[in-house]
Structures are given as C-alpha cells and as structure tokens.
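Each of the two complexes below includes chain A, the first together with chain B, the second together with chain C.
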Partner chain A sequence: MIGGVLTAARAGFICCEACGLLARPAEPGAPGHCPRCGEELVSRRHNAIQRTWALIIAAAICYIPANVFPVMKTTTVTGVDDDTILDGVVLLYTTGSWPLALIVLIASVIIPLAKLLALGFLLVSVQRGSVANTHDRTRLYHLVEFVGRWSMLDVFVDTFTVALIQLQPLMSVAPGPGVLFFAAVVVLTMLAAASFDPRLIWDAGAAPEGSHA
Partner chain B sequence: MPENTDFPSVPSATSVPKRRTHPSVVWIIPLVAAAVGVGIAIQRITSEGPTISIVFKSAEGIEAGKTFVKYKDVNIGQVTAVTLSEDFSKVIVTAKIAKHAEALLVEDAKFWVVQPRVTLSGVSGLGTLLAGNYIGFEVGGSTKKRREYVGLEVPPPITVGEPGRQFVLRSKDLGSLGIGSPIYYRRLQVGDVIAYDLSEEGKGIDIKVFVYAPYDRYVTTSTRFWNAGGVDVSFGAQGFEVRTESVISLLAGGIAFDAPPLETAAEPAAANASFTLYDDRVAAMAKPERMVAHYVLHFSESLRGLSAGAPVTFLGLPVGEVTNVSLEMEPQTFAIRGRVEAAFYLERMLAHLQQPAAAVGLADKVNERHALVQRLIDERGLRAQLRSGSLVTGQLYVAIDYFPDAAKASIDWTRDPPEFPVVPSTVADLEARLTAILAKLEKLQVAEIGADVRKSLAELTKTLAAADALVKHLDTEVTPEVRAAIADARRALGPDSALQLDARSALQEVSQAARALRVLADYLERNPSSLLRGKGAPAPSPEEHK
Partner chain C sequence: MTAPFPLIACPDCDLLQREAAVPAGGAARCSRCGTVLYRNRPGSLDRTLAYTLAAAVAFVVGNAVPLMGLTAVGHTASTTIIGGVQEMWQQGQPMTALLVGFCAVFAPALDIVLTLAVLLAARRLPAPRWVGTLLRWSPFIRPWRMVEVMMLGILVALIKIAELATVVPDLGMFGLLALMMLLAAMASSFDPREVWARVRWVDEERQPPGAFAQSVSAEAGK
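Moving on to the complex of A and B:
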C-alpha cells in the first residue's frame, strides 16, 4: 500500500530522531552524526529487535512473581492478610462490585499480558518479514505505547494505601514483594515498547520495492 | 541500495570511526529479572515450614487463612484449610507452620482451640473476642517428629514450661472442685487444679494440682490439704465466726494447704507426691493419733442414742471416740448388757506433760501406760459414764471423769481390749429417783381424800341452799312490810297531812306567844317599876308623846 512511497531510507538519507533533520549518511556503513544537533544518526534503531525481545522476556519473567506474590500485606487486629492482585479481584467480585473487579482485572492482569503478547507478535511479524496488516500493526503498536503508562495505576494505588493506612495498632498496610515485580513488568514493557522501532513494520513491505529498483 | 537521486542541498554527514557494537548488553535485564525471580522463589521454597494436620471435633471459629497457630502468643503458623474427615465425623485442620517453629512439632505436642472462656475463677482468651479463635499450641518433651495430630477439646491447664510442682490429692469425692479451681496458701492463690480423675478402683477421686514456684516449696511432707470451698460457720465463746478462703472459693470451690501448727521443719514434698484431701481445716489440722488405746465398756443401761463415732470426752474435751456399740451376753450369768468399744487417744491426755518426750515414751511402753491408767482408776476414781449430749435429740456420749466415791474397780490388762470400769449414768440415776417419787405419789390415798372432799362439798351445797331459802324469805315477807311502813311514813309527813297542819298551827301559836313576850319585855324595859307597882294608868305611849 505504501510500497511506492519514497522513504528516507530508500532515498539513502537518514532522518535524525532527535531533531527530525533529514541528513545524508556520511558513509553507507557508518551514517555518522546529525549535522544540526549532533545526535548519532541511525537509519533504524540499534538492535531494536534484540533489545525489545530482551525487555519483553524480562517483563514476562517478572510477570509471574507479580501475580504470585502478594502486593499488599494488611495487618489488622484480626490477623494478617496477604493479598495478591488476583485476590483483590476475587475479593471485589465476591463483595459485589464486579465492575471494579473487571477494571482491576483488565488494568492489572490482562493489559500487561496483552502488551507482552502484542509486542511479541510485532517482533515475530517483523522478524518474519510479514507484509500483511502493516496498518493495523502500527495501530497496535501505538496502542501498546499509549496504554503502558496507565498500568502504573495499580502501583500508585498500592503506594497511596500503604502511605495512608497506618492506623497502628488497629490496622496497617505494607507493600508486598509482588508490587515491585508488577512495577518492573510495567516499566519493562514500556521500555520494550519504546525500544521497538515501528518503522521496521513497514521496512518489510518497502524492501521488495527497493530490491526491484 | 538507495536510489541515486541527487539532492545537492542535503548536507553531508560528518564521518566518525565506527564504534564497536555491544549487541547483548540489554540481555542483562532479563537475566537480572530471572535471577531475582528465581532467587525469591528459592528463598520462599526453602523458608516454607512444614504443613501439619490437626483433627478436631468441630471447627468452631477456625477459618482457613484467618486462624493462627500460636505458641506463647507468638504466631507460629496459619490455618490453610479446614476440611471434613472422610467419614464426616471430624474436622481436619491443615496448618502451615513457620520454618523456625519446625523443631517444636514433636510427637507429644498439643493443639487446642483457644476461645474466650468465662468461668467462676476467671476469664481467659479475651483477646480472641476481637481477633477470633486461634489454635493454641503446647510443645512436648519428645524428640520424634510428627505431622498429624489430634487436637485437644479442653486446653491443657498448665504450660509445660511453668515452674512449679504437681501433686496428687486423694479425695472421697470431687465436691465443687473443677479444673482451674484455686489452691490457696495462707489465702494467697498459689496454684490450680489441673486435672481430676477417678482413682483406679473407682473409690475416690485423684485430683491433680499444680503449685507454682516458688510456693511449691511450702508443700512439705507434713502439709495437709483441705477443701476450702464454702463457708465455715462456727459459734464459739467469742461469738459467731465465719471462715472462708475467698469469695471465689466460696462460689467455685478451692483447696487450701498449710502445715500443722506445731509441726517441725519437714523437707519439701517430691513432685507428684500424693496427699489426702481433708474436708475442712479442722479435720486437716487434727493430729494423727499415735497412741491409741482400745477399751471395752459394759453398760447395763439403755444405749439408745449412742453410735459409733460418738465422742469420748475427758473433763469435757474429746479424747477419743466410740468405735462400736453392740450387745453382749455375759457367759456366767447370761445377763445381756451393752458393749461399747472405744478408742482413747491417750496422747491428748498426756500432751502437756512437762517433757513431751515422756509422753512419747509412754506410747512405746505399754506397761507404764497401763500402770498410769490403773493408778488414776484406783486413786482418783477415773470412770466412764454415759451422758446425754443433747436432751432434744437424746444423743449420748461417753464421758471419762473422776468419781472419787465410786466403788473399787480394777482392770484386767490381760484381756484385749481391757475393760474400763463404768459408773451408772446420771440420767439413769435421775430416772430412778423420779420413779421413786412417782411410786410414793401412787401410794397416797387419793380415793379417800376424794370422798371426804366430796362429802364436804355436799354439806356446803346444803348450807348454801338454806341460805338461799332465807334470802328468799326475806325477799317475800319482810320487804312488803317495810315498803308499807315507808308509805305510811310518807303519808304522815305529806304536805296535806294532819300532822303537818297541827304542827304548823302549833308553831303559829308559839310565834304569837313569842311576840307577846317581846311586847312584855319592851314594856318592862321602859317601865321597870311596873314590875313592882303593876300596870297603872296607861302610860302615854310613844305615839302619844309625839
């Protein structure tokens, strides 16, 4: 669809990622630095795919303890309660507020997982040189990038609760180890989304045109 | 292969020597994440304590994930599941015990459900009202490990680590005691009843008590325990006395102990030593009788009201008790008489000899003792006598007393038990005298006296009848005459009676005469000479002078 469009890469130029200046690479193998802002010029981000993969895998590893370990440790006079994210969802659901349960479930469980899967899918498709649905995949990428920051909501809630509910000796709330892993998952997926170069999605479609020329 | 389109205005980039690429630095991140994750997982797994199961009859107040297992009020575990046993008759509680408490899970460790308990002697487990029930834990002494336990239904009363000693009290019955009943020493609570059970033959109760350190050293071999429940009310010369250990023991029962007052130092009793539980302080403090002399007393009077256990008193103080009351036939005379066996606690009579050692010595030397008793009987007239303890109930007791006038008696010491000389009771005496008086009364000629009296009465009746007739005569014959006389008198004196008229005219005559006399007297006063000359010419009257 956009195969015929002239891109900087096809024209042999490089667009500076920092200031947007279109520059001619110094040498084909070593593009050099932006003449305006001095930023290193890269046609495509360095090791984008490899780096994204690494971050996704790290996030996936953290995803397991984030859901297994408790995120909140509530100490009341009646005892100590360790709650994982899913415990919270179940608690909200059993106490009747299923919309809230749904929100927590989506924001804290499904979205991080979906992000991991989405990025994984993008990487795989790029690596296989898929040319299908480039448009949709771009939209998917933007969605992943946009939604990333909202996943921190859970961490914020946890932090506030811990800071505010310190009614010793009646009740106190302490963070569990799960919340650290959960924050790591969110941060790592955001980094992964940032390190992914969406231009790779179209390169596959553009490459055959270029080879024809 | 860029297109060779020439854009001369596009500036050319500056050339810098190519740096070495670091392709795999970013892979450190997942490696670190994996390392941390695995590390935590390993730590979790290794810090995981054992999982145990406890069988309870019911799971009252036990909730998975909420109920803790506590030892000395420290959490050592948490209940993870509550399930029914396969035959649905019991509850299996699964609990995860902390790793650090793993060593406590030995074979004889105990588990029980702690819930608020309100008894008369105290309130326990109040914390569970807020925090819910928990599973109490008590470590055992074994070293063998175990993972499956049967929970206790009742908490063990004393923790194993508590310093102190356990003793066994033997009692006839449990009374009002229960687990947790207090043990008092000088009204200070120093222990608890921790268990009780029927003794092996089922003829009594073995009560296990625990006396806390450091009070346990006051439990010596000579210590007496008694039931301190209820109130001890006594009337004495000082008045009305009420003794009780404490209000709690009044309601919930309790046990007190003390050493007998004159007891010399005794070594502390060994743990699990057994003692007798007496009914009250007096019974507990009574000296054990070391010198018991048995005698037989023959009474030929009624033994009604005398029973085994009746006291034998000497000068009013108890020195023994009647052990048996029966009848006996004397072989020679075939006379049937009462046979009373009595135990004399001679020590009581001798307790205050100058040297107690001498008294103790007497206990051993039977002959000296016999000689002493014989001397008292011979010289002082020591005798036994039946006396009435209460005129209302007719209870009898045996009194030993001095009867200097009593007939001579001796004891045949070769018989066992020897016969103690008796004198007839004062009751019997009194009875005899009363009988004599009655007999005399019977002999009086009551009938004759009665006849005389009756005769006199008849005479009297006659006299009275005569008097009556006389009075009647007076009434019928004299009274009308009197009445007529009075009427005549009244008529004679009436205002229109002749007597009165005559009297009045006579009085008029008299008054006229008096007036004439006065005239004469006046005339004579003025004319005294007329007395001599007589009445001449009429002298000019005073009217004429005027």
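Moving on to the complex of A and C:
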C-alpha cells in the first residue's frame, strides 16, 4: 500500500463527484471536465464553507418564526384555535399517544436545531484546522445528511390534517404561516448539508506536518 | 503502468487507494475513514429493474386511489396525495403545497423514470452518453423523495384525527406502503458503478481501450 497520507489532491488527481472516476486534471489551474461523465472536475466543492454558513444562517433565521407562528388554524363552532408545532406535540401527548408526541418533538424541534449546531460545529472545526476526532466528525456529517429529511414530518402531518378535516361548517383546519418557515428550515438545512464537503475535515490532517497517520 | 486493480479516491476523505476484489454481498471500506467505497451486488441491474417496475405499479396505485376515508357526524371525506396538495394550495399555502407535491409525488416519479431509463439503456453495450447524464442527476433527486417520511406523517395525522372521526385506510395506503419498501429496495440494490462501467465516455479519446464491462476507474491506472 501507499505509505503516509496520499490523497488524490496531493497526487494531482481529482475524484469525479458524479461518477467516481479518478481523473487526471487537464491543467492544475483549470481541471476541466470528467472524461467519462462530463461533470466539472473540482478537487473540493466550490466555496463549500461560505455556502454552508450562508444556508445555516438563513435556516437559523427561519427557525424562529417556524416555532413562533402557528402551523395550523382550527376553526370550530366555538371559535378559532391556533396551534404552533409545540402545541401539536402537547396535543398528541395529552391525548395519550406519547410515543408519537416524542417522534414529532424529535423530528420537528430537536433535529433541525441539532443539524444547525452540528453543521456549525463542523464548519468551525474545519476553519480552525482541527485534526482531532476526524472519524467522529465524518460520522456526524453522515448523520446530519441522513436524518435531515425526517424533519419534513410536520409538513406532511399538517398537509394531511388540512386535507381531511374540511367538515364545514362544523370544523375545518387551515395551514398557518409557520408551515412555510418550517419547510424553509428543512430545505435550507438539507441544502447546507449537501454543500459542505466532508473532505475538508481530513485536509488539515493531510498537511505535511501531520503525515504520520 | 497497467494495474489489475485501479486506483480510486475516497469521496469522503480523498485518500488514494487501490480497488480490491470484494466477495458477493460484501463492501469495500476506505482504509482511513471507513466510508463504504463500493459494494459487490450480484445481479444488481436486473434486480433493481424488477424493483423499479414494481415501484412504478405501486406508485400508480398509491397516487390514483384514495389513501383513506373519513367519517364524522354524517360527513364523509377521502383524500389522495394530490388532494392534500390541492387543499394546502387553496388554503393559502401554495409554496408549501408545491414542496409537498415535489417531495411526495414528483421526486419519487422522477426517480422511478430515471432509474428505469438508465437500467433499460444500460443493457446495451456501450450504453449511450445520455445514460451518464441521467445517472449524474439521480443523487440530487434521491434525498428529496420522501415517501417514508410522508407515511409517518399520515400516521401522525390519522392518530390526531382519530378522536374526531372514524378513519378507514383505503387501497391507496397499501400502494404507498409497497412503494415505500420498493423505493428502499431499489436504492439498496442499485450499483451505479456497474452502469458507469458500461457508459460511452464523453471524451472518447481518453477512454481506456477495451474498458467496457471491465472494472471502473481505469483512468488513473493506465
């Protein structure tokens, strides 16, 4: 095997992101395109850190109205009731289905927040050139990527509640403005996870002084 | 140099390493970060084709037939996914409606169509270049098809509604359940490397001679 830490970047190759071909760049400054699939060759994703930060900050801003504004507006003969995401969790809990309340709490409140914190941590650690816990940080990144779509849960819950409970004039449910912000948080964090480049985690360790691995 | 096992780089940590033979059903992991580099999935393309055809049928059933019927105080209502999207749109959330429609209907449909096109075209050797183009798109679509998330969402919605009304699952729900499992089976049986090895290169001059159906990633090893 190859001794030391020889990455594709140090050896002058680029691993095509689309088809996995290890390609020889046309010129170091302008690598060109993958000869097999035609994808643009990039050693590391363009502006990964800046893009991920921008998307995280946008998601963090949307996180506040997503939790403050109601996601559902229930109109009954006795009046109008606004429910935020947390109200929905409490409702599920008080009606006796605490496992579902827990699932919704995790998917809608904890996962989005944990994703923001995890991506923020990964970015800060990469920017500080950390060489510690590279394995765990790679695993954390994959967890963020894998778990992100499950936050969409509440959007689907709201959609099907709205679709089914249209029993005018007795009772009807309409979506609230919170849904859109909540959906924006999910989409923005998913895009943020996709724009981060996990190879950056390992780049600090591959620098010449750390080549004992 | 012409190596029997070509060089590849780990997509996660960029470590350069040689491909090694993997027993059927096994996976090769990066020697530094442990990420799965590739798997040996025997009969991948045929198996995935079978799952994809079944998924296409389940998709039609899950989307055309109502998911459930609801009865409360003399009213009855039923809904499909599209019906839910429509209601969301009419109740003043067009953006959210579009997103739900995209994740629940459009993305799974697109994934099924793309996979079907890729698999059928890749049976011919060499596979035309557009197969590569479609294959490049599919990883971008995969995270957005959220049939399993929607199933859980429907379950939560039903339990919320259960105390107000009687809800009876309809045929569409079973179609959706089958679709969810078939999409997972498609994703786990599909081996894009096998298709890439059959695709005609964009830059034919750099294509290694006699490379078809050989191991992939030969560019660096020649």
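Quick note on the criterion: the second predicted complex is superposed on the first by the 197 of 213 C-alpha atoms of A that agree within 3 Å, B and C clash if a C-alpha of one lies under 4 Å from a C-alpha of the other, contacts with A are read in each partner's own complex, and residues count from 1 in each chain.
Criterion: a residue touches a chain if its C-beta (ideal position, glycine included) is under 8 Å from a C-beta of that chain, and two chains touch if they have at least 3 such contacts.
Everything quoted here is computed from the prediction, not taken from an experiment.
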item: Which superposed partner A:163 touches (first chain B, second chain C, both, neither); value: second
item: Which of chain B and chain C A:15 touches, first, second, both or neither; value: second
item: Contacts of A:51 with chain B and chain C, given as first, second, both or neither; value: first
item: Contacts of A:7 with chain B and chain C, given as first, second, both or neither; value: second
item: If touched residues of chain A are counted for chain B and for chain C, the larger one; value: C
item: Which of chain B and chain C A:129 touches, first, second, both or neither; value: neither
item: Chain B versus chain C as contact partner of A:188, first or second or both or neither; value: first
item: Contacts of A:77 with chain B and chain C, given as first, second, both or neither; value: first
item: Which superposed partner A:69 touches (first chain B, second chain C, both, neither); value: first
item: Touching both chain C and chain B, counted on chain A across the two superposed complexes; value: 6, 9, 11, 13, 22-24, 33-35, 213
item: Of all residues in chain B, those that touch chain A in their complex; value: 1-5, 7, 10-18, 21, 23-24, 26-27, 29-34, 37, 40-41, 65-68, 130-132
item: Of all residues in chain C, those that touch chain A in their complex; value: 6-18, 31-35, 68, 70, 72-73, 75, 77, 79, 83-85, 87-88, 91-93, 95-97, 99-100, 103-104, 129, 132-133, 135-136, 139, 143-144, 146, 149-150, 152-161, 163-165, 167, 192-193, 196, 199, 201-203, 206-207, 216-217, 219-220
item: Interface residues, chain A side, partner chain C - complex; value: 1-2, 5-9, 11, 13, 15, 17-24, 33-39, 88, 91-92, 95, 97, 100, 103-104, 134-135, 138, 142, 145, 148-150, 152-167, 170-171, 174-175, 179-180, 183, 187, 190, 194, 198-199, 201-203, 206, 213
item: Contact set on chain A toward chain B in their complex; value: 6, 9-14, 22-27, 29-35, 41, 46-47, 50-51, 54-55, 57-59, 61-62, 64-65, 69, 77-79, 81, 177, 181, 184, 188, 195, 210-211, 213
